[in-house]
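Shared between the two complexes below is chain A, which has chain B as its partner in the first and chain C in the second.
Right after this comes the complex of A and B.
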């Protein structure tokens, strides 16, 4: 066994299939998109090379309003980090303490992650339905008819209405990661703190959370990057509408490429999404490193 | 032990899957029949589905050497799929597409076959006027089968109960809306989330305000006709006026087409403006089809337009890919199958035929025959905005219409923005 691990040729042979797949499916398309983003191309006829004009248009063309989509993604990222993650962390801490029915609750909270986004989207469409939806029916029942809304059809509420299911969907995912982190904190540490007279709140705050910082860092990266590339739920619920009120970069990309036949322009959006995800992932890593030093 | 059983079960299902895959492949290879692949949006949920199946069956019977492999996709997803297929040159032999601006890049890309010489044979059965939307730069690129048009569907029972005559002019329509609103009935059900549904009403009113020539010139950017014109402004104002009068239900911005149609079919809304295909749904899906009536969209300005001007036309198209291995046969099949679909869809009462009726149609369902009666006497056909316009303009148009509805822009700003958009892509 050891000899195989030291054999460079063997390593190469074993890595090769995955490496080829990775290059062909991920790396090559990124470079192809980068090239397409420099073209004025409808996706069918031959494209015309126009340099960085697509990127310039992206930030100057008012009919595209790319900054608004970025802003929406940032709002989603902020909500994910400051609302979704604390809830996940809270659940993880409580569950990891070994309450009754720990496994049961773990599974229940994780179910939304397992269900397809399209199914969840359909579910929430029914909740938000202006005529017979659960939400409006509830508001009417408790005498808050004033608050009844066309949640997904109103420019003022559409963005919040799509953010709520997205947050809800991934609470379980982050909870599971954090739960695993909390469970791996050595028992000696918490027990020592307990002997010193720490309350369970103090144990969580001063012992467990510092210990699981790497996991929290990972969760924040996932939450932020996920916010910038979020697509499926918004596509199902509003498709970016009404009047771009809930548009994010990825839905804009789809509507540019397949709605308006601007393949080159859409590719520019794709490249910016990739770049932003990289920048944020690396940036968050840096911030945490600085704190550790 | 449990794990072991599970893993064995998984192995078995996987092997079964692989074997099943092999088996299926073998089947399709067997026999000397040549296969033509055909794509369309007539999924099982589509009311044209059985017309397609029958048409293909009839074709296969008449051409025993060929087999049609029929594949269907959901409408919205198909629009994406077909564009990618053209880009990647992976088109099937015959494929469904939409006429007008949507397919213009396909024709320009040089990946679909010009059909002029195949059309010669069918000239007597399929009028050349019906193929306007499949013709690009004077060359024919597709065959067609049905002539959908925008109509005003209404609930006879509700109209009778409230003593309302079927509106023939916009003022009568507005009046009817006010009466119905007072009686506590949703006057017009529509979807703004699927903005094309509202477009059916808006396009119709615009046509009935500006007339076919002016409207087509504006949309096709001909003769210097601008969209920023008092006649276009009038229809935009009318939509806003109808909304203010409470014509549409409150949640229309959040409803999809399906969610908007249902209240109408259930008799909870009085009117629905959409394409003639709803006639098929009324025949098949409503509880009491005798309650429903159909009429042309009311006239806004009788100096420019009449009840006989229609929004719509033969947009459904079959095209043939240049990459097809059996091009000659496929081109002929595109016409033969289109002819069969035209006949079957009409006989089933789900669509208005584009081909001449050379068969017995006495059993066709009432509403469909009624619409066919209107279209045979039509003065003009103008394709819907979002089909006639090229993709970028069409997209912007739907967006602006949505904003007009929600009050984000005024009718004046709307026509100005439309004119600017059309100018920018001239």
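Right after this comes the complex of A and C.
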């Protein structure tokens, strides 16, 4: 068997298709993007090497306003962590403690996760439509005509209007992860607390939540990293507008590269997004580890 | 005590039913307006069931709106993505988990990096490569990146299944004179079937719903997948909502039907990726 498991040719045959794809489509492009980000390049003519000028421009050029896109992503991340996750956790706790119809509710709450962001975005376009949309029709019907609004077209409300469906879509995902976490808490722990006279609220807060910290950590990582990568829903709803009111790094990257042919400049945005994804994934893990020790 | 418990249960159900409505109402709205005309959608009957079930919206979406073509394109792209992802990830996992060679730990670690790399890293460089080889506007231009970005997760899922296959099976086959390819094909592949469905579900959702690669790499209408197709449908029917609603339903129903029959399996597959993270 040893010689069979050592078969060099077979190893190559098995690993190469995946390895080549992975190298050509994922690894090499990271370095290509890093290199492009140092160029002043329109994609047609030869690029000119300009060092870190693109990065400097990102933070100083007011027509791009990269800080604003980061800020929008941070706002989305904050809403995800402090609104979306608590709702998910609440639902997970209610369901996991056992209630009739547990499976049914769990399955229903998960449905929005499965549907494409394009479909959900298009649907919310209709909901937000200023003339015929569901939201304004509802406001008129309940006598709140004052609140009727061009939700996606107004700089003041556009960002909030795109955040709501994003939160709505992924509540079910976090709920399912947390639900599985709560289910895996040993019964003896909660039983013991019950015997000691703890209320259901106290059990959740003092026994279950500390036990599922690793799952919560994972949800926070997903929520934060997801916020910095978010694209589909915003592209469909506003494409970053009006006047960059809902612009996030991804929509800026796409419009710089494929809208304005600023290949180098757009690549600098891509590199920052990649870096942020790694930093958050590693950083949040470390913060929680220190706490556990 | 009893009364208190009853109140508590009632509160719980109120919350759960409220959230059921929040989760489902937008979808209910989508289904109903896909069968209405503008008069109903715009005021006469906004949230009720359609007065006349207007199936012609679906006909419009499928024919004039090209949703039939986009649907087929999505099936082709997603289908091939799933097949290649399963095949390549299974082969790679076998080499990483069962074969003995120097550097396999490192290679595995590099694959796992793929879980963190966002597709933003690839969008422009791969665009330039594809343009150079005149491969934009083709099924491959989507299938190749989709497979590449699905590999990391697929290898992780496959590995978690392969660990549970006893090595003695392969060793017994080896003593019987089977070579490495035969072992892979006749022992590993059949036993890995449960992993296939997990990988397939995961890859299906990723490829079926993907937007960023699809809008950049496909401009030719003949190769548009659903996510891009819906965008152009909604551009073509700005004043008529019914066919757009029908298009949205057409893009969504395969997922929902699959979910109806195997909700547990789908939930488990989507969580599998997260568990190790």
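We adopt the following convention: the second predicted complex is superposed on the first by the 269 of 293 C-alpha atoms of A that agree within 3 Å, B and C clash if a C-alpha of one lies under 4 Å from a C-alpha of the other, contacts with A are read in each partner's own complex, and residues count from 1 in each chain.
One rule holds in what follows: a contact is a pair of C-beta atoms (placed from the backbone, for glycine too) under 8 Å apart; a residue touches a chain by one contact, two chains touch by 3 or more.
The shown structure was predicted, so the numbers you read here are calculated from the model rather than taken from an experiment.
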{"item": "Contact breadth on chain A, by residue count: chain C or chain B", "value": "C"}
{"item": "Touched partner set for A:258, first chain B, second chain C, both or neither", "value": "both"}
{"item": "Which of chain B and chain C A:128 touches, first, second, both or neither", "value": "first"}
{"item": "First (chain B), second (chain C), both or neither touched by A:151", "value": "first"}
{"item": "First (chain B), second (chain C), both or neither touched by A:117", "value": "second"}
{"item": "First, second, both or neither for A:241, with chain B first and chain C second", "value": "first"}
{"item": "First, second, both or neither for A:91, with chain B first and chain C second", "value": "second"}
{"item": "Contacts of A:7 with chain B and chain C, given as first, second, both or neither", "value": "second"}
{"item": "Which superposed partner A:61 touches (first chain B, second chain C, both, neither)", "value": "neither"}
{"item": "Touched partner set for A:191, first chain B, second chain C, both or neither", "value": "neither"}
{"item": "Overlap of chain C and chain B interfaces on chain A (superposed complexes)", "value": "43, 131, 258, 263"}
{"item": "Chain A residues touching chain B - in the complex, by the definition given at the top", "value": "42-45, 63, 128-131, 150-155, 238, 241-244, 255, 258-263"}
{"item": "Sites on chain C touched by chain A in the complex", "value": "8-9, 12-13, 15-16, 19-20, 22-24, 26-27, 29-30, 33, 41-43, 46-47, 87-89, 91-92, 94-96, 98-101, 107, 110-111, 114, 116-118, 120-126, 128-129, 144-145, 147-149, 151-152, 155, 170-171, 174-175, 179-181, 183-184, 205, 208-209, 211-212, 215-216, 226-227, 230-231, 234, 241, 244-245, 248, 251-252, 255-256, 259, 263, 266-267, 270-271, 274, 277"}
{"item": "Chain C-facing residues of chain A, complex", "value": "1-2, 4-8, 10-11, 13-15, 17-19, 21-22, 24-30, 32-33, 36, 43, 90-91, 94-95, 99, 101, 105-120, 122-127, 131-132, 134, 137, 168, 172-173, 176-177, 180, 200, 218, 221-222, 225, 229, 231-232, 235-236, 250, 253-254, 257-258, 263, 266-267, 270, 273-274, 277-278, 281"}
{"item": "Residues of chain B touching chain A in the complex", "value": "79-80, 83-84, 86-87, 105-106, 108-109, 111, 192-193, 249-255, 259, 263, 390-392, 395-396, 399, 402-403, 406, 408, 421"}
